[in-house]
Each structure stands twice: as C-alpha cells, then as structure tokens.
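What follows is chain A paired twice: with chain B in the first complex and chain C in the second.
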Partner chain A sequence: MSSLLAIDFLLIAACLWLAVGLWGLAAPRNTRFIAKGLFPLGALIGLGVGVTALDFLGQSAETAILVIGLPTLPFHLRLDNLTAVFALLLGFASVGISIYAAGYFRKGEGAAPGLMCLQYHAFLTSMLMVLLADDAYAFMVAWEVMALSSFFLVTTDHRHEAIRSAGYLYLLIAHVGAIAILLAFGVMTSGSGDYTFAGMRAQELPPFWASAAFLLALVGFGAKAGLVPVHVWLPEAHPAAPSPVSAMMSGVMLKTAIYGLLRVSFDLVGTPLWWWGVVAMAVGLVTALFGVLYATVQSDMKRLLAYSSIENIGLLAVGIGLALIFHSFGMETLAALAMTAVLYHCLAHAGFKSLLFLCTGSVLHATRERSLGKLGGLIHRMPWVAWLALVGIIAGAGLPPLSGFVSEWLLLQAFLFSPGLPHSWLNMVVPVAAAVIALVAALAGFAMVKFYGIIFLGQMREPALKDAHDAGPWERGGLSWLTLLTLLLGVMPSTVIGLLDAATRQLLGTGLAARVRESGWWMLAPISEDRASYQPLIFLVTIVASVLLGRWLVRRLYHGRIRRSRAWDCGFFFEGPRAQDTAEGFSQPIRRIFEPVFRMARHFPTARDDQPYYSVKVEDHFWHWLYLPVARLAERISGLIVRVQGGRIAVYLMYSFLTLIVLLLVARP
Partner chain B sequence: MNAGVPLSAQLINLFAAVILLLAFAMLAQRRVMPLINLFGLQGLVLAGSTLVVAVTTHQAHLYWSAGLTLLLKAMLLPWILHRLVRKLYVKWDVESLVNVPATMLIGIVLVIVAFNVAQPISLLSHTISRGTLGIALATVMLAFLMMITRTKAIPQVVGFLAMENGLFLAATSATYGMPMVVELGIALDVLVGVIILGVFFFQIRDQFDSLDISHMEHLKDG
Partner chain C sequence: MSVGGFLGQLFAIALALVLAPLLTGWVNQCRAWLQNRSAPPLLQPYYMLHKLFRKDVVLARNASPLFRFAPFAVFGCMLLACAIIPSLSTDLPLAPAADTLALVGVFGLARIFISLAAMDVGTAFGSLGGRREMLVGFLAEPALLMVIFTLALISQSTSVATIVETLAHREIVIYPSLAFAGIAFTFVSLAENARVPVDNPATHLELTMIHEAMILEYSGRHLALIEWAASLKLYAYSCLGLALFFPWGIAERDNFLAMIAAAPLLLIKLGIGGCLLAAIETVNAKMRIFRAPEFLGTAFLLAVLGLLVRLLLEVRA
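After this line comes the complex of A and B, so read on.
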C-alpha cells in the first residue's frame, strides 16, 4: 500500500478502463460478452476509483509526471482533494451506470457493441484524466478526448437525421467552449510559457487579465455545463444519446465542467474580484429559471430531464457565484457554506439525475415511446422502475429527506447570511436571488411531479402499454445502486460534509466539518444550532411512519375495503385514459403565466372543425435571438467570399499578378 | 552609344532589349505557331546573352547554363510544343480576352513599373549585366500578362515558360546565375511541367472538345 500512492491507483484504473474498451474491439459483435462481461468489469473499476478517492480525501496532494506528452511538456498529473471529490462522483456514478448498461445494450441496436464499449470506456478514462490533469496541455487533450468520445456516443444511432444534427450542434458548441478554455489558460500563463497549473498559480495577474481569464473560463466551461446562452446542445444531445450515455453526460460530464470552473476561479487565477461572483450568480439564476421553466413544458421525457439538468447547473453556478462573493470579501466560513452546497449538489445531482435518465431508458425499452403523451400507468407494469424513480423524483424535486433537499437547503442558508456582506448594493440584490432560487425549487418540484405522474401514474394512455415489462436484473441493480447513493446522501449529510470538508478547506482555507461534527451525525446545523438545523432522519422516520400509520388507519379503522377504480377520470362517467390530464394540459398554467418566456406555435380547435385538435410547439428564444442571426451572418460572409472563386483561370492568375505587383511596389526600398 | 561602356556590356544590353522586344511580340502575336517560334527565338537570345556574360566574367558554370538554355529552351521545348499543336490540331487563331492594342498599352505600363522597381535593386548589384534587371522583371510581368489575357491552354503554357526565361535573365543579371544545382533543377522542372501539361491538354480536349479553358469555369463549387 505504501509503495503505491492513490494517484497510481487512479492511473491504473484509467488504463484498465481503456484496456476494457479496447478488449471490446476484439469481439465487436459479441453483444453477450461485451454487455455481461466487459461492462460489469468497467463497473468494478469504477468502484475502485470511487473507493480510492474516498480513501484519499483529507490527505495532502500527490503528483505524478507521465512520460507521454510534448517533448518539453510531459503530462503533469495531480491528485488533490478537489479532484478526489469529483473522482469519487465519477467512480460511484459510473458503477451504477455501467451495471445498468450491462442490461441495457441489446443485439441489433445502434452501432456495434464493441465500438460502443470502447467509446464508453474512453469517455470514462478521459473524464478521469480531466480531473487529474495538472497542466493545460494534458487538460486540453483529455478534455477534447472527452468531447469526441461523447460525440460518438451521442451519435450512436447516426442513421437518424435529427441525431446527426444534435451531435453536430454538440460538437460545435463543445469546440467553441474548448477555444475559450484554451484562451483562458493562455491568459493565465501571462506569457511565461509555463503551462503547468503550478506555474499558473504562481502568476500574479493584474485585475484586468484575471477577469478576462475568469470570464473566458466561465464561457468555456459554461458551454460544456450548459449555462445560458450556450445551453442549446443539451436538450438536443441528451435525448439523442442512449440512456446510459445521457445519464453519464448529465450526471458526470457536466460536473467536470463545474470542476474546471472551480479549479480556475478558486485555485489557478488567484484572488477573485467580487463582481465575478455577481456575474456567475446572474448567469446561474437565468440558467436555473430558464431551465426549469422549459422543463415544465416539455412533452418528451428525456428533454424534460435535460432541461432539468440545465436548471441544476444554473443552481451550481449560483452557488459558485455566492462562494466567490463571500470569498472575495474574506468571509471564508460563509464561502465554505456555499462551496459545500455546490459540491453537495454535484454529488446529489449526479445520483438522482443519472437514476432518472436510466429510468427513462427502461421505460423506452419497455414501451418504445419517449413522448409523455403516450405513456401512463406504468407503475402497474414496471413496479421496480417506478418505485426507484420515485426516490430520484423526490430528490430532484428538492424534498426532504433526500439528497436534493440538503444541497438546496445549504444554498438557501448561505443566501440567508448574505445581509452580512460589506456592500450595500449586494445586500439588497442577493436576497432577490434567493427568492428566485425558491421559485426555481418550486417549479422543479412541478416538473418532477409532471414527469412521474404522467409516466407512472394514472391510466395507460395507449393500449400497447399493457405489454410493457419491468427492467431486467442488471438494470435493476444499476438503478438500485444509484437509489442507494441518493438515500445515503440524503440521510447522512453530516458525514458527507465531513468528507467534502477537505476540498473546501483546500480551496478556501476553512470548512464546515468542525461545526457540523459538534452537533452529531444525525443533525445538520451548518453555522449554528440556533439559526437553522435539519435532521433528515427525523424527516424520514416521520414520513415513513405517517404513511404506514395512514395505511393502517384506512385498512383497520375505516371500512377496510379496497376499491380499485380508474385513476384521474375526473369523476366523469365516460371512462378512458383520454380523460386524464395530458402532459401539455398539466403544464398549461405555467405556459400561461410565463408566456413571454416561451416561443410558442399553437393551434387551437374551433367549433367548426371536423377533427378538432390542439397542438403546441415550444421553441427556445435563444435560437431566434442568438444562433440563427449568427448562422445567417456566417452564411452571408461565406457568400461574399465565394465570389472570389469565380472559376476563371484568368481571374485567378490576376489575383497572383496583382499581389506580385503590389508587393513589389510596397517592398521597394 | 557611350564610348565608356565596354563592348560586352553593350552586347548584353542589346540581347536584353531583344528579349523584351520578343516578349512584346509574343504578347501581340495572334497565332499559335509563330508564338512558339517567338518563344524559341527568345530562348536563343537568352542563351546568347548568357554566353556573353560567361565569356566576359569567365564563370565556368555560366557556359553550362548557356548550353542548357540553348538545348532546352531554344530547341527541345519549341519542338515538343510544335508536336503538341500538330497532334491536337489547334493551329487556329489565339483568342485574347483583352484586345491586342490594349494589352500592349498595359504592357508598357508594366515595363515602367518594372524598371522603377528594379532600379534600387540593380544599384546594390555589382555585376556587369546589372542594368538588365529591369528588363528581366519586365519580361516576367509581360509573360504573366500573357497568361492572364489568353483563353487557350497552349498560349498560357508558353506564357509560363516565357516567365521562366525572364527569371533566368534576372538571375544571370543580378548574381551571374543561380548555383548549378538550382538551375538544373529548374530546367528539369520546366521540362517535366511541359510534359505533364501536354498530357493535360489531351485530357482537357477529351473532356470539353476544346482547349478553351473558359469551359473550366463550371468546375468550381456551388
């Protein structure tokens, strides 16, 4: 044990993942071997990564230098506590997703399974390398491998035009982001030519250039994370990808972008300025509100979850912004509170969003249907998936006693302390942001209820749903693992915060662990017990007890008879699944209240229609405000440039001739 | 003529002037066969000029250069081109994009530009033939102009070769010629270039039933 450091274990894990991927190429068409042999092996390696990172937390940083790389710039790697937190996330989330994937991939679906296996494991390796990288070159290489491997995973089913264009959009925005990140690194070296992160830490940037680096990093990592307005790839790419890939991208890959943003703004760039936090918070608020509003009006279950991911990324950005503000004013305890909320939410979101995406995968396999309007009542046919999804839903809605509540509660706690800021303007604005966060949390609950209610509850909207089957053992295993993580994160917040403490301590110099430990593991009181405390176990016990008690009371003391009747037929005598609330109908109030936010194309039935129908199509304003004008401009410019290519050789010769003459005249001594 | 100028220099200047004159003649020539003959003649004069420089300065490699020029540019290339024209049966008039008088006027402007540009450079040079640098540059430009204004493929190739003549003259006049290796390389390039272009001529004719390169306008994108 002493001879091998934790970083060595992680490196070995990265190599093993790659080896498993390459092994898949040996028998690219053998679905059984790849699904039941290699993916569980990948899950085992993931478990190793998670345990290694967990074991490492709290120790001092370890470094390594690989021989590969540029001649003068070999790959520098470093494992510190921030890396460890995200490696923990990557490892444990990948366990569930890989186990699930073992049951998910079937014969004759999409690309050859061997190829998928390679891409999937290359994706995992590259994410681990992104976390470990300690110089800009290694980081960018890993970052690009991550973008490319996930691009190929998204376009697994490349025979569909829509999937190809979704993949293209993803690749385009990923590259715009990568350029911004590269520029940010370039600014941070400030001309010293030292591309290691240690060199960047040593640089003392003037405020202007430090701000430039931060804003570039915000744009670059925001493009990967899905911050507005560079979010448009997310709702396209997530539904296009196979469900385990969506789960991996949404649960883990988006977090690597958060990792990058934390690494740059708290570690590399030096002392932050307070207005950076305001920018991050403003962008985060817009993203969160935008994401959740669009999530509520979606009719495709994976798109709904994709927009919900945008919302969660927005919350994370708000938390980072708040931490930056507190940090720049030297209020390290409160900064640590906000930072803990961010890290906690990363873990929580990785758990429940992966879980929910995997559940959509099971529903998709069972019914071949993604549109909410054609689902319903699946809890009768798919009890496993439905009950496990319920846990994810409660966490995603931010309800106690699960993980989503803890992080959102911590974030709101951090907001409640903001009146202590030594800045009058911020004092007035920040509470408004807290109100927006509360609104977002409520709307997220709405979106989650819609997701769960329309898919699993009520009556089946299509007769074909009667043939739906529950998930297989592998899928159940993967889902159960993620459910377990979500439960643990919800019930044991103090223990988890004790683990995260090492990372906040590294970034901010202080943590919450000491205070949290004082009040015992069952209670969470981040600042002081008099101000606010939260006992998840009591919530859990109360909820479970009251449910059981209610059930007992109804069964024993009331009439005791159970009458099964059709759900949600609204009391009408004409029965049928069509009388239920539809996905569109459910979110109609939101569409009405927030009408200016959406770009809607609606068709209303009139009294004279022979076949009345209602349709609504909700589009993103940003397409029409930002992306289409840019695309049109690019097209116009290329239209001008193509005129140079007239096709006449005489004209081409004239170009060189005139260039020659002009050069001769200009270069005359 | 100034008595102070030695005979060799006068000869060189004369040859250079003839080369420029031939360049103008090529620009004005409407027919293909005479155009090739003019090109051959230009090569011959160029060889003569190089020989004079070689005799005057006793540069051994210039003799080789002169011989090579004589063989390649005055004999081999005109012969290849003659054969090509006979085989392709394209002896008719050369069509020009700009009419000939206008081309000549543009040519005069170019010569003025070339002399103007070359003057400061020739002051830096100490060779006996430095005065001809402007003429060399003008020859290059006139050949380039011919390439631009002609629509058929063969005159364009002749223009390309004539441009090489001008470059050779510039090299001889500014620095007594390029190193032998470079010169051999260029000679080989020109030879191979003409052979490849000959193959292309057949391809172009098969494709478009004509050697008029304006047909190739359809080849562009979009």
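After this line comes the complex of A and C, so read on.
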C-alpha cells in the first residue's frame, strides 16, 4: 500500500464516486436504497478525499498521466498544495451535504432518484478532476462535465417553466465563461501547441498577451463564480435547484472558479502586472456591494442566500486583487496575508453557506414555502434547524468568534498595509476601499438578521406552519457536521493557517505559518503580537461563561421565576402576525437609502383606493442594461438570417450553386 | 500570565461592572441640571437594577429560548469589550484577545443578538426596532472602521494597547488626522449608544425610538441585564474614546498599584466626558430616523478625510 501516492487515492475516490453514481442507475426507482445506502457511501468517500488532502498538505507535488482522451493528448494530472486546499474543501463540505442528502431526497420529487444520484456523484467527480487537471484539455473536459452535471441537477424539477429557464440561463452563461477560459488557455500556450500547464508555466508571455490571458480568465472564471456583470444566473439557478445541490454549487462549485482564477493568475501566467489587481479589486468591490444590497431586499430565502454568495465571491475577488497588487510589487509577505484571507474565506464560506442552504432545504420540506413573507416562528417547531442556522448566520455576518470573521479580519489587516505600496496613488485609494469592505460586512449582518429573524423568529405568518416538523436524523447529522466545521474554522484560526501555509508558500514563496506558530494555537497574530492579535477561543469561552455564570448568579442571588402572559407591545391591542415586519418591510430602509441601486416597480395605496394594496418588485439593473439589449440584438440578427433561410430546397440549391460559381471564379488557377 | 496581571484584569472587570451604572447616573444627573430639572439621585441606576432583578419575569407567550438567552449573551459581549479596552492598564492578560477590529466585531455580535431577540416575540414595535438598530449598525460600522484605520496608520498597529502606548508617548503636537478621527468617533459613539440626536434614551412610546422599541418585551432580570449591558456599552465606548484620543495616565504595566493610581484619573476623565455627553444631548434635538444616514455619512466622510490627511500630509511631510 505504501507505494500508493496521495494522488492515486484521490483518483480512486473519483472513480468510486462515479461507481456509486452508476450503481444508483442500476436501481433508479429504489429511493430507500439510494438515499440511505448510496449517499452515505458518497459521504464516506468525501471524508476520504478530505483526509487524503489534509494529509498531503505540505508535501511536494505528485503527478500522474491517465491514458484516456485523445491518442497524443492524455490527461495530465497533478496534485499540489493549492489543489489539496480545494480538495480538502470539496471533501469535507461534501461529507455534510451528502449525509444531509440521504435524508432529503424523497419519493416523487423531481427526477428519478437513481438519475439524481448519478448526476450528483458525477458532479463531485468532475469537481475533483477540475482540481487535479494539469493540462488545458483535461481541465476543460472536467469543467464541461461539471457544468453539464450541475445543469441537470438544477433542472431536476424540470416540469416548471421557471426552473427550465433558470437552467437554460445557467447553461448559457457557463458556456460563455467556458469559451473565455478556453481562449485564455490558448493565449497562454502562445502558439507552442503545448497544452500542459507545465508548458504554460515555461512560456514568457509579452505583457499584452499576459494581460489578455488574465482578463479572459477573469471573465471566464468570473462567469462561473458570479462576478458582476455575469452574475445573473446565480440568483435564478440556486433557488431552482434542490437544496443539497444549491449547497454544493454555492459552497463548493463557486470555489472551483476561484481555484481556476488563482491557478491562472498566480501560477500559469507568470509575473502579474499591478493593474490586474486593481481590476480584480474593483470588480470585486462592485460585486460585493451589489450582492449584499440585493441580498437584503430579497423576499425568497434561497435568492437571498444566492445574492449573499455573490457578495462573498466579491470579497474573494477583492482579496485576490489585493494579493496580486502586493505580489506584483514584490511584497510577498503581505501578498501571503491577502492570499491566506482568500483561502480562509473559501473554506469559511463553503462551511456556512452550505449550512444555510441546507437549512432552507429543511424549512422548504417542512413548510413547502420559500417566500419569507409566509414563514415565521419556526424556532418553536424546528429547534434543531433554527439553532444550527444561528451559527450559520453569525458566521455569515462575519462576526466573532466564528469562521467568517477570521477571513474578514485577515483581509482588513492586509488592507492596513496598503499605504506602504510604492505607487503614487494606489497607496491612497486602496485603504479607502477597505471602507467598502466594512460597509459590505455590516450590510451582510443586516441580510442575515433578516433571513433568520423572518424565517425562525416572530409569530407564524401562516396557520399551516403549526404543522411544520423538525429535520430528520440524517438531515440533522449533515447540518451538525457543517456547524462543527464552521465552529472549528472560527476557533482555531492558527491551526488552519498552518495548513494553508503550504499553498501560499507554493504560490508566493512565503507564508504566515512561522509567525503564526510562534504565538500558540489559540492566538492569531499574523504579523506580530504588537501589531494585531485575535483570540477567538477567549471570545467563545467568555461569552459562554458569562451566560452560564450570569444565569447561575442571578438565580442564586435573586430568583428564577417566570410568568407567561400576552405580549406587551406598548399596550397596543392588535397582536396578530400581520403586525410584524414583512420581508419587504424589513428591508425598507435599504431600499430607501440605496434607491438608485435598485430597479423598482412600486405601487403605493392612496386614500381613494377601494382596495388599497402595496406592492414592490425589485429587479436587477444589469438585466435591463446588459442582457436584454444583447438578447434583442441576437434576435434582430437572427431575424436577418431568417430572410436568407427561405425554407425552400430550390433556394438552398441555388445558394450552393452560386457559392460554387464564386469559388470557381476566385480559385481560378 | 502573572498573578498580578490576573488580579489586575479582575479589578478592571469589577470596576467596569461597578462604574458603568454610575456613569449612566452621572450623565442623567448632568442632563437634568443642564435642562433645569431636579435630578434623580446619582445611584438611581443601581436602585433600578436591584428592583428589576427582584421582579418576576413576565414573558410573552410565544417568546422562544433565544429571547431568554439573548440578554445574557449581550451582557457577556459587553463585559468582554470592557475587559479588553485598556481603561486602567494596557498590559492585561485579556488585552491581546482582540484588537480594535475584533472589538467592532464584539459590538456587532451583541447587536445581532439584541436585534434577533427584538424580532422574536413578533410585535410591530419589536421588528421595527430590530430593523432600525441594524440600519444604525451598518451606517456606523464603516465610519468606526475608518477611524480605526487612521489610528492604526499612526501607530502601525490595530492592537488597542499598542495604539494607546504609541499615542501616549508621542510629542505633544496636534495631528489634524486625529482631530477628524475624534469627531467622527464621537458621532459614531452617539449613534451606537442610542443617544440624541440619533435615538433618545429617555423615551418610551414614540414612533421614533430604536433601542427602547427593541427591549419593550423584556422585564425583570432580563431587562436588568440589558440595561446593565447598555450602560457597560456606554462605559466601554467612553473608555475606548478616552484611551484612543486622551491616552495619558493609563498604566503600561500589569502592576496592581499602578492601576489603582490610574483609577482617579480615569474617574475624572469619565466625569468630564459624561458632562460633555449631557451637554451634547441638551443642545441637540433628536432627528428623524432617515436623517441618521446623513449624520453617520458625515461621520464616515470625516473619518475618510482623517485617513487621507494622514496619508497625504503627515506621512509624506
């Protein structure tokens, strides 16, 4: 066994996932076997992937060649530390999601379970292969399989028109992105015909072509990740997909795009130029602000989370941009700080966003309702889901002592060094960009409070919610696993940074681990203890201790009596559930303050209305500014082409004849 | 961690617990004097706390466990903040637990808990208060962070202790950036502590209330804890402001005696600060809720100006 390398284990895991998927096809209607047998098996394999990657971190790269594909172009595979970090993410996140899925899929929902099982595991396999690919050909094949399998998963419930069109939009943008990625790879080979990544690394591209490759990669991977303006598929596809699939797409698949961007810009394309970082940062800032503002005004819980994913992708792009800027000026330690923030945020986001998407799945199953306006008070009926979701939203709001805060803290620390940039205006503009990050973080808190408060707290907005039931044991297991990851990522930042160090060291030649290790595992001090430090464990311990101690002391010194009564509400007599804020009401301050950002159609009631009503519809500006004009243009062009295409065979024969004559005239010897 | 440090930390926490209601009482008293009313006793907040702790808790029927858990969590967050902020000494065991950025996080965590608790019972006022609190939060946080950035640029650190030590040892020159940051910090503290002109701590039953709207459903020991936490927050912000902008007199060792020597100066500084707060609250009127973005936007702008002044004039010169 000792002769087997880590990469072999990962390949075996990929094959096993595929085998599990195919096994599902053998008994496509046996929901019980597939849910309780195959999905847990998939989770076990995911655990194997995670542990293998964890064990591998810090070692030197391993390569393999798979003799499949074209005769002269086999699949080159490579496992290095960057791959290992993302494989770790894929493995551990898929454990929770697969366990949850075992309890989630039921009879009679959407496609046959066997087919879903195949698509789901093919999706997992392809993501692992994307990470392992070491030539453009293998990468694109895996990338396309990933896009297609996730397309089929999104359109599981294909009987609904809305879901079909969401899937179509997703497929369309995924392919626009794929073309850009393909072109980027093409540019990076610079005509040598060597499509392996090793060949690309060896090329010295002139600045113009290097920039072209970077920008193409930014567009291509941005389309998959959801950067503005190619984000529109995300809020459509995520609500359409079943919740475990949304969790997988948002938590893991978006990160493969981040992986691709890191791979191209730090590994393949050579020395970056500083303005690439500025472009990435500007796009990231716009994306983050746009995503979080739209998240706060959504009324559909999964759309809210989808927009929040856009926000997080924006933050990641900002981090990548900052790392690129530092890297291009040769400030490697600071680049490592920003890079660590990016990698950390990838892990953190995979944990808490998958958790929250799965929570919406449980709510959806219990209530058959996705609209926030018809939920409420579920903490009484679904305590498990509610308390675990609380962990998710605190992490999602970027607050201590959980995972989201660590990465934001690291990112802000990196921003604090930007005044030292040796550039005439960057050193002044970049620190102010940190203010946008602060605004985004605070608005994320608003969105998360809205999400949690309206779903789980307050009075039930519909009578039917009284029959809601809590998640089953499998679902609880999956949720608890992701909660545990979120907690660990929050409380043990130094240990995690020690693991990430191998990847930053590979990309930038330096890491933070040495300094972080000096100060002990409970303390995070990436530069020095005088400069900045953070001890999340103390936070957790102090807060938990003061809750317990405070409770005990108050009971001991005074009493613990409680009387139940009507709500006081300043003596107002109207206390039905309709007195509470609706989802729209809660976000009214945002719509008012940031009015120009939204495209709103509102109807206000007036005193003369017989049947007064209020309605508000918020739409995306980009849809009207960018997508509809492009669609109209495409239609107009096809309208012109239709004229040529008469539909009569005689006309077509005449075209061929004319073409032949023209060719004969042109190609006359 | 030395025994002296441990004792010093306990002393700082105990002092915060004791002084916080006193500070609230002092501000109320100053305000009453300035407004030509007869003042309540200085110790009124203690009587209130004692009374509330003794009373039964009357809980709304559909209040969830989160509602009962939140006051303790908020209290814990505020206590942690008070323990971290160097009120008496910069060299305490808990000081490296959080830098200024993490402190903003602690306040944010407390805000999330109290907003969620406000939404829990499901009354009109509760969700209104929760929404407004989050509104003030997302407006104030960027401004506060820019203030912190300015200070961090001056002292090359975000750790509160290092900032205080650096600023206390500089030669006495006026940094224009510090002046901008100081004004912005004052604006932010007013908003964060639910003070006039953003909110009015003395109001009930007003459609404009924020903090009071959130805690309407609380009673008994829960209300006591929330009130105590609110005064701890005021104390924490006052100490943070004093430490950042008037750092002189704070001990730099974990020596117990040095800390006790620093205490009278802290009392004097807090006393003057309380008077100023009462004066601000007397000469200003509460503004409409949708003027708050302008108020906090001004704070943000001032903080960014401070940052730019620092970068343009002070670093280059």
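Note that in this section the second predicted complex is superposed on the first by the 624 of 669 C-alpha atoms of A that agree within 3 Å, B and C clash if a C-alpha of one lies under 4 Å from a C-alpha of the other, contacts with A are read in each partner's own complex, and residues count from 1 in each chain.
Criterion: a residue touches a chain if its C-beta (ideal position, glycine included) is under 8 Å from a C-beta of that chain, and two chains touch if they have at least 3 such contacts.
The model shown is predicted, which means the values in this text are computed figures rather than measured ones.
A.B. asks: Specify the partner with more touching residues on chain A, choosing between chain B and chain C.
C.D. replies: Partner with more touched residues of chain A: C.
A.B. asks: Considering only the touch criterion stated at the top, classify A:V642 as touching first (chain B), second (chain C), both, or neither.
C.D. replies: first
A.B. asks: For A:V630 in the superposed arrangement: first (chain B), second (chain C), both or neither?
C.D. replies: The answer is neither, since A:V630 touches no partner chain.
A.B. asks: State whether A:L664 touches chain B only (first), chain C only (second), both chains, or neither.
C.D. replies: first
A.B. asks: Looking at A:L653, would you say it contacts chain B, chain C, both, or neither? Reply first, second, both or neither.
C.D. replies: first
A.B. asks: Taking the superposition on A as described, I'd like to know which of chain B and chain C A:I68 touches: first, second, both or neither.
C.D. replies: neither
A.B. asks: Using the touch definition from the top, say if A:I543 reaches chain B (first), chain C (second), both or neither.
C.D. replies: second
A.B. asks: Could you list, by residue number, the parts of chain A that touch chain B in their complex?
C.D. replies: 642, 645-650, 653-654, 657, 660-661, 664-665, 668-669
A.B. asks: In the complex, go through chain B and note every residue touching chain A.
C.D. replies: The touching residues are 97, 110, 113, 116-117, 120-121, 137, 141, 144-145, 147-149, 151, 156, 213-214, 216-222.
A.B. asks: Which residues of chain C touch chain A in the complex?
C.D. replies: 53-54, 56-62, 64-66, 69, 72-73, 75-77, 79-80, 83, 94, 96-99, 101-102, 105-106, 108-109, 111-112, 115-116, 119-128, 130-132, 134-135, 137-139, 141-142, 145-146, 149, 152-153, 156-159, 162, 204-205, 216-217, 219-221, 225, 290, 293, 300, 304, 307-308, 311-312, 315
A.B. asks: In the complex, go through chain A and note every residue touching chain C.
C.D. replies: Residue positions touching the partner: 376-377, 379-380, 383, 386, 390, 393-394, 397-400, 405, 409, 412-413, 415-416, 419, 427-428, 431-432, 434-436, 438-439, 441-443, 445-446, 448-449, 452-454, 457-459, 523, 525, 529-535, 538-539, 542-547, 550-551, 554, 557-559, 561-570, 572, 574-575, 577, 579-581, 585-586, 588-590, 592-593.
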